[in-house]
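Listed after this line are the structures, all set down as C-alpha cells.
Each of the next two complexes has chain A plus one other chain: chain B in the first, chain C in the second.
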Partner chain A sequence: MSMKFSIPKTWRERKPHYLLEATKCKNCGKIHYPPRTVCDKCGSRDLERTRLSGEGRIVSYTVQYVVLDGFRDYAPIIYAIVELKEGVRVLAPLTDVKPGDVKIGLKVKAVLRKVSEDGKLGLIRYAIKFKPLEAESQK
Partner chain B sequence: MRKVYVVGVGFTKIGRFFDKGLRELFAEAAIKALDDIGGENVQALVVGNMMSSSLGEQDNLGAVLADYAGLGGIPAFKVEAACGSGGVAVYTGYSLVASGLFDIVMVGGVEKQTEYPTRIVSKGLAQASDAEYELFYGISFTGLNALVMRKYMETYGISRDEMSVWPVLMHKNASKNPYAQLPFEVTIEQVSNSMLIADPIRLLDSSPIGDGAAALVLASEKYARKLSDTPVEIAGVGLATDHIYIAYRDDLLKLKATIDASKVAYRMAKVEPSQIDVVEEHDAFTILGYMNLEDLGFSERGKTPKEIAEGRFHPGDKPTVNPSGGLKARGHPVGATGVYQVAEVAMQLRGDYPGVKVNGEIGLAQSIGGLGTTVSVIILRR
Partner chain C sequence: MKPVNDVGIAGWGVYIPKYRIKCSEIEAMWGFQPGYCRSLNVYEKAVAGVDEDTITIGYEAAKNAILRAKISPSEVGAIYVGTESKPYAVKPSITVIGEALGITPKTLGADLEFACRAAGEAIEASIGLIASGMIKYSLVIGADTAQASPGDVLEFTASSGGAAYVLAKRGDNTVAYFEGSFSYITDTPDFWRRPRSPYPYHGEQFTGDPAYFHHIISAVKGLMESLGLRSSDFDYAVFHQPNGRFPLKVASKLGFPKDKVLPGLITPYIGNTYNGSALIGLAAVLEQAKPDQRILLASFGSGSGSDAYSIIVEDGIEERVNLAPKVKDFLENKEYISYPLYAKFRGLIEKFEM
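Our next item is the complex of A and B:
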C-alpha cells in the first residue's frame, strides 16, 4: 500500500476540506478560510469555528490542460476562485460543467467530491468542489 | 548601516546542460565573479535556490557549493523563497555587509531543472503555492497565474492579441542577449496561437524551464574601490510578503508585496519611479510582466499592454524594461533569476552589459516568489 498521503494530515484538514469549516474572529468578526490561529485583521487569538454556506459566484477561472501528476484522469480541470455569500473567497475545482459553459459571475454551490487517490489501495482525498446552480437560480 | 556595493558579477548561459550539475554550474558563475574582483577572497556565501531539495535531493546546499567553488570553510547557507529565492539571497547578502558582520560577501543563485521530466519540475514549482489548499487540488503555478490573467483581461477589456505584445518585446530583446535561453524573435500570431497550458495562458506566455547560475560579490565602501573600478551602489532594498492563498487577497489585480517592497526601496534610495533608467522585473508569465510595471509605479492599471504596443518601455525609453529579455526569453533558472537580474542591472550601470544596452545611472530589479507571496525590490545606483 502506497503511503504518499499522510493519514494524520488528511484527518486534521478534514473539516475545512469536507465541510468548508472556517474560523471567525470573536473580536472583529472577520471570517478566515483556510482556518487561522490568529486573526490577520485585528490580531486577536480568540477565534471560533464556523461553517461557510458554500454558495457564491465565480470571480475568475481557468481551464488547466496541462495537469500535475496524479490528476491525469481529470484533465482538463477547471479551477475557479469563488466569492461566497459571506464575502469569503475559496479556490477549488469546478465539477459537473463543461469549459464552454463557465463564465465570471456564474452562481455555484459547494459539493463533496473525490480529489485524488494514493494509488489503487491508498488513501483517497475528498474535498469540496463547486458546481453550477440550476439555470433558473442564475438570476 | 553601512553602504554596500556590487563589485563583481558572473553568470552562465541559461539552457539545458546535461554535463553540469548544481556544483559545476555554480562554480562556473562563482569563478567569473571572483575573476571580476581580481581573485580576492570572499568571507561568506549566500545562495538562492528553490528546488535542490525537491528535485535534486540535496539539502545543506550552502556548504556543498562553497566547497565545490573553492570557498570551502567560509560561512555559507541557502535561502529559499520559491522563484524569488535569488532576490532574497541578494537582500540577505546586502544585510550581512550593511550590518558590518562582513566586508566581502558572495551572493549566488543556482537552479538545475532540465534533467527531470516536466511533470516532476511542474510539481516542484507548484510547491510555491499553498500545499494544503491549492496544490492539494492539483492546480499548477501556471493555473494560478491564469486566474489572474483572465480577471485582468476581463476587467480592463483586453484582447488576446493585445496581451501578446509582451512576449514579442521580450524575445526581441533576448535575440541580442548572448546568454539568453530563447534568443529568437516571435510574432503576435505565434504567441496568440501557441499551445494552451491553462486558459488563457499559452506556451509563449510562459517562461521556459532552464538551468543556470549567477554570482555577485558585494563589498563595503572600504573595499569597493579596491576591488572594482566601477562599483555600483545598492541604494535601496525592500522585501515584503503577502497571503499565500491567493483567494484570500482582496484584489487579484495587484501584488501588494510588490507595492510594499518597492515603497521601502524607493524611500531608502530617495528616488521616484520616474528616475529609474533600467528595470529587470519578474515576468514569469505575460500577465506578471504588465502587473509588475503597474505595481512598481511605472504605468497605470490596465493600460500597460497598450502602452507597450505604442513603444513605451522599449530600448531607448526610460525606463527600458527587461533589456535581457526577462524571464520570458532570457530564461528563468528559478532561484538564480533574482541574482541574474541584479548582475544585469549592475552591468548596465557600469557599462559592460553584453546585450541591449541602456545608458543610465539608476536601475531596479524585482524578484517574486510564488504568485506575489514574497517580493524583493533592489535599487542600484552608479
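Our next item is the complex of A and C:
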C-alpha cells in the first residue's frame, strides 16, 4: 500500500491547519502564517506561537474547475486570499458557497473541514477553510 | 441513578449542515407512493457537505458548547463523542476535535459506540467523573452522518448533524442540572451494521414496539418511579427522534401531551441525526426554557438501550442562549439540493478507480 501523504508533515502541520496557529515576532511584532522559525521582517528568531481569530475579508480568489486526482468530489474549488482581522493574509479554500456568490470584500470565518483524503485507505486531512459569515454580519 | 454530588449543564451547542433534501425528492427518485414520508412526519433532512463528517460536525457543535459555557478549552478534562459514523474505523475522532479546539493534551476521552445512544452513555460516564471530583468539565458530543442504503425507507430520515454539552458540578457555572437518570438496556436486534458493510440493516416494524417503545418507556418509567415523579411534573419531554411520529406516540403512551414534545421535536425538519437527535431536541428546549422548569430527556440506541434523565433548569440560562448560534438559526439557514448532489455528498456514487 503506497501512501501519498507524508505522515510526519500531516502531524507537524496540524496546529496551523486546525487552529490557525501562527508565529508572532517578539522583536518587531510581525505575525506569520504559516508559522516561521525566523522573522522575515527583522530576522529575529525570538518568535512565539499565537492563534489567529479566523475572521476576515476576501482579498482575492480564483475558481479551480480542473482539479488534481482525488479532488473531483470537491470541485469546483474556490481558493481565496483572506485578510484576517490581525492583518495577516491566509490562502485557503472556501466552503458552503457557490462561485457566483463570492465577492472581493466578502466577510468570512474559518471552519474545520476535510481538505483531502489519501485514497480510501490513507489519512484524511482536516484543515481550516473559510465560509461566508451570515448575511446580517456582512454589513 | 443519582450521584452523591449533582452534575449539570454549563453549555450546549449544536451544528446542522446547511444542505437539505426534500423527502418528496427521495420519494420520486425511488418510486415510493407520493406522501409516504408525510406518514413518518418528516419533510426534509439535513445533508453533510462533501467536506463534512462526524469530526467536523462534532467540532462545530463543541465549539458552540464551549462558547456558551464561557470556559477555556484547556479546562475540559474529558471529551467523548457518541457516533456510529466514525470517519476512521480505527483512529479516534476526539483527538482531532480535541486538538482543533485546544483541549489536548491533558484530557481523557474516547469515541463511544451504541448506535444512536452512545452520547447518552457519555453523559452518564461524565456525571460519574465529575461527581467524583476526578475532572471539572466534560465535553459530550453526539454527532453522526447517518448512512442509509439508497432506496431503503431509512433514506427518508438518516441525516447529518450534532450537539455538544459541557457538563460540570452543579453550581459550578451550570445553568441546568441532572436531577436523576435511569438506563435500561437489553439485547434486542432491531438494527445493526456489520464490519465492511456500508449501510445498516434494520428489522422494519421490529424497530418499534420491542425496541424503541419498550426501552424508552422502561427507562422513563424507571426514572419517574425512582424520583417519585409523574408525567405532569415535567414541562418538556424530549425523546430520541428516528422519525417525527415515534416521539409523539411514545409521549402519548407515557402520558405526555403533544405540546410538551413539540418544542424539542426537530426531526421533521432535519431528519434523524442519530447521536445528535435527542440532544439537538434538548438544545432547542434549553433555548426557550425558564428557570425551575423540568425537562425529560430520553435517548435511544438500537441493540437496544435508553437513558432517561430529569433535568431542572437553573437561573442564568437565558443569558447563555445568545452566546452561540441557536437551533432555530440552523433550521433557517438552509439550501436545498437535488438527489444527484445529495448522492455525491453522501458518497453514494461509486467511481471506478483508474
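By definition in this document, the second predicted complex is superposed on the first by the 137 of 139 C-alpha atoms of A that agree within 3 Å, B and C clash if a C-alpha of one lies under 4 Å from a C-alpha of the other, contacts with A are read in each partner's own complex, and residues count from 1 in each chain.
What we mean here is this: contacts are C-beta pairs under 8 Å (C-beta built on N, C-alpha and C of every residue); 3 or more make two chains touch, one makes a residue touch a chain.
Computed from a predicted structure; not experimentally measured.
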{"item": "Combined model on chain A where chain B meets chain C, clash or fit", "value": "fit"}
{"item": "Broader residue contact with chain A after superposition on the shared chain, chain B or chain C", "value": "B"}
{"item": "First (chain B), second (chain C), both or neither touched by A:T50", "value": "neither"}
{"item": "Touched partner set for A:L19, first chain B, second chain C, both or neither", "value": "second"}
{"item": "Partner chain(s) touched by A:T10 [first = chain B, second = chain C, both, neither]", "value": "neither"}
{"item": "Which superposed partner A:R89 touches (first chain B, second chain C, both, neither)", "value": "first"}
{"item": "First, second, both or neither for A:V115, with chain B first and chain C second", "value": "both"}
{"item": "Which superposed partner A:E134 touches (first chain B, second chain C, both, neither)", "value": "second"}
{"item": "Chain C, chain A and chain B - angle at the middle CA centre, rounded to the nearest 10 degrees", "value": "150"}
{"item": "Smallest separation in angstrom, by C-alpha atoms, between chain B and chain C in the superposition", "value": "12"}
{"item": "Common interface residues of chain A - those touching chain B in one complex and chain C in the other", "value": "74, 115"}
{"item": "List of chain C residues in touch with chain A within their complex", "value": "18, 49-53, 55-56, 59-60, 87-88, 96, 99-100, 102, 329, 333, 344, 351"}
{"item": "Of all residues in chain A, those that touch chain B in their complex", "value": "9, 13, 16-17, 32-34, 40, 59-71, 74, 77, 79-81, 89-93, 99, 104, 115-116, 125, 127"}
{"item": "Sites on chain A touched by chain C in the complex", "value": "14-15, 18-19, 51, 72-74, 95-96, 111-115, 124, 126, 129, 134"}
{"item": "Chain A partner contacts - residues on chain B that touch it in the complex", "value": "119-120, 122-123, 126, 130, 132-134, 136-140, 142-143, 146-148, 150-151, 154, 196-201, 243, 245-248, 252"}
